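Below you'll find the structures, each written out as structure tokens.
There are two complexes below, and they share chain A, which is joined by chain B in the first and by chain C in the second.
So, the complex of A and B:
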């Protein structure tokens, strides 16, 4: 079932160029309705800003937030939200596959010589989602600047690794959620609970949760590896869960494994696709 | 134009370009049964369908709604996986080698656009050029040729959503053929089109077939599509192929009946004409059925006007494909043997 389209680096480069072109076409389409487009960008940015405000308010009410300071919690928040926002911009649109499946337009996608996942994420790309990236990146930037970490090459590498792995893990989650629509139509709401819900839970230090939620976030939906594990390693405040220091290096492996599982489910879903009446 | 000899590019082996052997497609349908229980039921959309299409053929694939036409098309193009049987298209197994196959076939779905809705038509063509990574020179040649023949020039810069259906369909044809496919599969390419656009679509397909040797398989409701384009037709109903043969033969055998609809100024008693029988009366309107081999439409009209009743309007109706298939299915004129005794009327 593997798509045999990607054979050489030239193929990959061609595909990347094409992805860019479809994205550009998509943005040109959006720009036809520019007022609504701009309003949406602003509203997306506001949603994230309000989310951050909630975290900060909570910190004022509960001064001892699992032993973490405000900067540290904001750092964690940024670490959790920036990869989420990146995957939201580039990958989350794959959940639109449920519309394509329901309306039968997925047929068309299968008829083009490009992996369907890449087509949908490009076709359904919405620049307005980038609105989320602005406040979350600002929060992370501020926290990186203020937090008590001596930023050497190792720390920077760790931060980049954490952001990259986190983006992949969230992306895998989106793909997995999108795949469900090959079996049941109208799955989007349920899957949003996993994606958006997981992201929300991931904004707080995991040790404030009960045990079963911790297990779920660590190993079920491995979001702990996105923010909490690297944050503990970098900030090293109280390590209340006694996490081993090497655990942070598991993140790329967890990311790769998540992606492999998600892609496998996605391919099985396509083979299971039923189309609709003409 | 030097676009002629690229006939069915890349098809190596001499065998059929499309080959179906014993193909089944069953769907599992879950219907509600009782308050919480759901019943699992298998529905066969296509049953034991076998046929093959040779390079350069134009074949009409006909059948009423729900007969299994689209399901067959979707299996041939790799969208759906057959439940049983084997399909080979240009040497590829469609679902397993979908990506490779997509580069060599063109597909038009009459009811579903492959164009970018909010972008000018030309932008879709540019994107498809990159999607298929066709040679830039070849792309330009094809585009110029298609723009010229389908008269796309005036609306190339118009967003697709603002195009008329006929304009859009001409765009769809271009989009499906820009990458020089050896096989084109069309699902209801003329549905909803006006006469002029239908003609444009047919003329273009015929030209592609003649000049480039493109193999064409099309589903349709419209018998005229088949009459104008195809020498061979397949009729499918309830998932089974009922007939596979020449279009001329089929028409001779089954399509000789015509109906004249006469609107009189006021209701008149049923006409009693030779070789044309009144089958329905609706106020001032009477429908007269006749056999084309026994009497011409002109003669019937002559007889009608000769009755002296003032006539307001006259139309001649051909039996539609659904009607013919219904009769075929009901076993009317088994293989046409009943009618062939009569002298075929010269055209």
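So, the complex of A and C:
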């Protein structure tokens, strides 16, 4: 099935307007069950806050974490979690494609002249996920303020670059995870190991993990480029892996490559898709 | 009474069989639990190493064992919950359940335990075996220590049920109870000892966590697995779990009574 193409700026503008309208409608519908919506926002904030508390409790037990000080680990935590939260708000909903595949409603999505990826991320958008941003941004803000770095324009630019690359890398992971549904709906839960598992792994300096898991999650999935590599550059902390500090400049390229791979798998998945037919 | 018991066993058996049909999902779940076990164990090993091998009375091997067995507890005690009952309340199907000549709580408990029995084997043991490939894991020793552990696990699962029964019933009032359900999940994960063993909490926080029912779902059965209790201490741990199980079941019953008085069947 040919995927719709966007030829003109008018097409893109029309698509953006449509996307905005669907998002607004989703927010309005969520707001109908106010108590439930607020409870969901609070619970999303709570999970990140409790994770952060866990990291702090561990740091309380040991003087330093693999050679990293408390503020350095909190910086790493924020740098890893803010992009995760942003990609969770805007992209992770593509995971719902599994429901559409199972129930046969994906046919309807393919019939519309809008890229399926944009349709699903808009149709399944849930503002509640933004709850994750509150504690993670607070942690990053605190660490940026307290860490021993002279923040000039270059450092700020690097931070923004890292956050943007990280968001793209996590988004690529969500798209990759969602694509699995085109082949197998039942075992797609395995992908939680790279999405949620990746976010969890990134909360700690990557050198604390043993050989194969570090290679797989850090470089195979390129999670190290989200937080660890930028933190090595910006903070110049203990660096037992001996990573070069210029490696951070590869992050945008790694992010772009991840996204290209994910989109390629997504398209292959759609080409492979057969309707449930009933 | 005997009839109720037989009905419960029949429901449990069917629930066991139903859970066992999702093979691919089970394998995927084991994989995810094991990956998280590896990550948690790595972090705990590092903490133990920089603290000189023992942290708050827990040795490295106890910490790595803890990381993997508690990953195995997730499905058995229902840490992530189960929304089936809440879904039936929202859609109104609950009315059919209330018409049945069987006790609603007993019906769902039998379903829960049947599934938990399957999850104990399929999702409980493999992560520990896979963890033992790379990390030191200590199994219950002597062999009869498996018996109190099995009992502790059954009680942990009933506590998990009692908690979820209540959070599912909240759908009678909220209709959409996903928010409360998620909050329960995260509170269980933290105060139960899944993120971090409660034993590593600072003193006062540990005392609070041990006084809450969530410890009965994760921390206490894990400590029984590690053989940290004997004699009267062991009896007290199991009694605590049993007390929480009974208290939560009774609270659920009371709430169910209140809820059913609210049910209004929409005529069609």
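Note that in this section the second predicted complex is superposed on the first by the 271 of 278 C-alpha atoms of A that agree within 3 Å, B and C clash if a C-alpha of one lies under 4 Å from a C-alpha of the other, contacts with A are read in each partner's own complex, and residues count from 1 in each chain.
Operating definition for what follows: a contact is a pair of C-beta atoms (placed from the backbone, for glycine too) under 8 Å apart; a residue touches a chain by one contact, two chains touch by 3 or more.
Being a predicted model, the structure only gives us computed values, none of them experimental.
A:17 contacts which: chain B (first), chain C (second), both, neither?
After superposition on chain A, A:17 lies in contact with chain B alone.
Pick one for A:192: touches chain B only (first), chain C only (second), both, or neither.
After superposition on chain A, A:192 lies in contact with chain C alone.
If we overlay the two complexes on their shared chain A, which of chain B and chain C does A:105 touch? Say first, second, both or neither.
Once the two structures are laid over each other on A, A:105 reaches chain B alone.
Specify the partner with more touching residues on chain A, choosing between chain B and chain C.
Greater contact footprint in residues on chain A: C.
Which holds for A:150: it touches chain B only (first), chain C only (second), both, or neither?
Neither partner.
Can you list the chain B residues touching chain A in their complex?
Interface residues on the chain B side: 27, 66, 69-70, 74, 77-81, 95-100, 102-103, 107, 109, 111-112, 114, 116-119, 123, 127, 130-133, 159, 187-188.
Which residues of chain C touch chain A in the complex?
22-25, 27-29, 31-32, 35-36, 38-39, 42-43, 46-47, 50-51, 55-56, 134, 174-180, 182-183, 185-187, 189-190, 195-196, 200-202, 205
Which residues of chain A touch chain B once you look at their complex with the stated criterion?
1, 3-5, 14, 17-18, 21-22, 25, 28-29, 32, 104-105, 107-108, 110-115, 271, 273-275, 277-278
Once bound in the complex, which stretches of chain A touch chain C?
Listed in rising order, the residues are 33, 35-40, 42-44, 46-47, 50-51, 53-54, 57-58, 60-66, 128, 184, 186-190, 192-193, 197, 200-201, 204, 208-210, 213.
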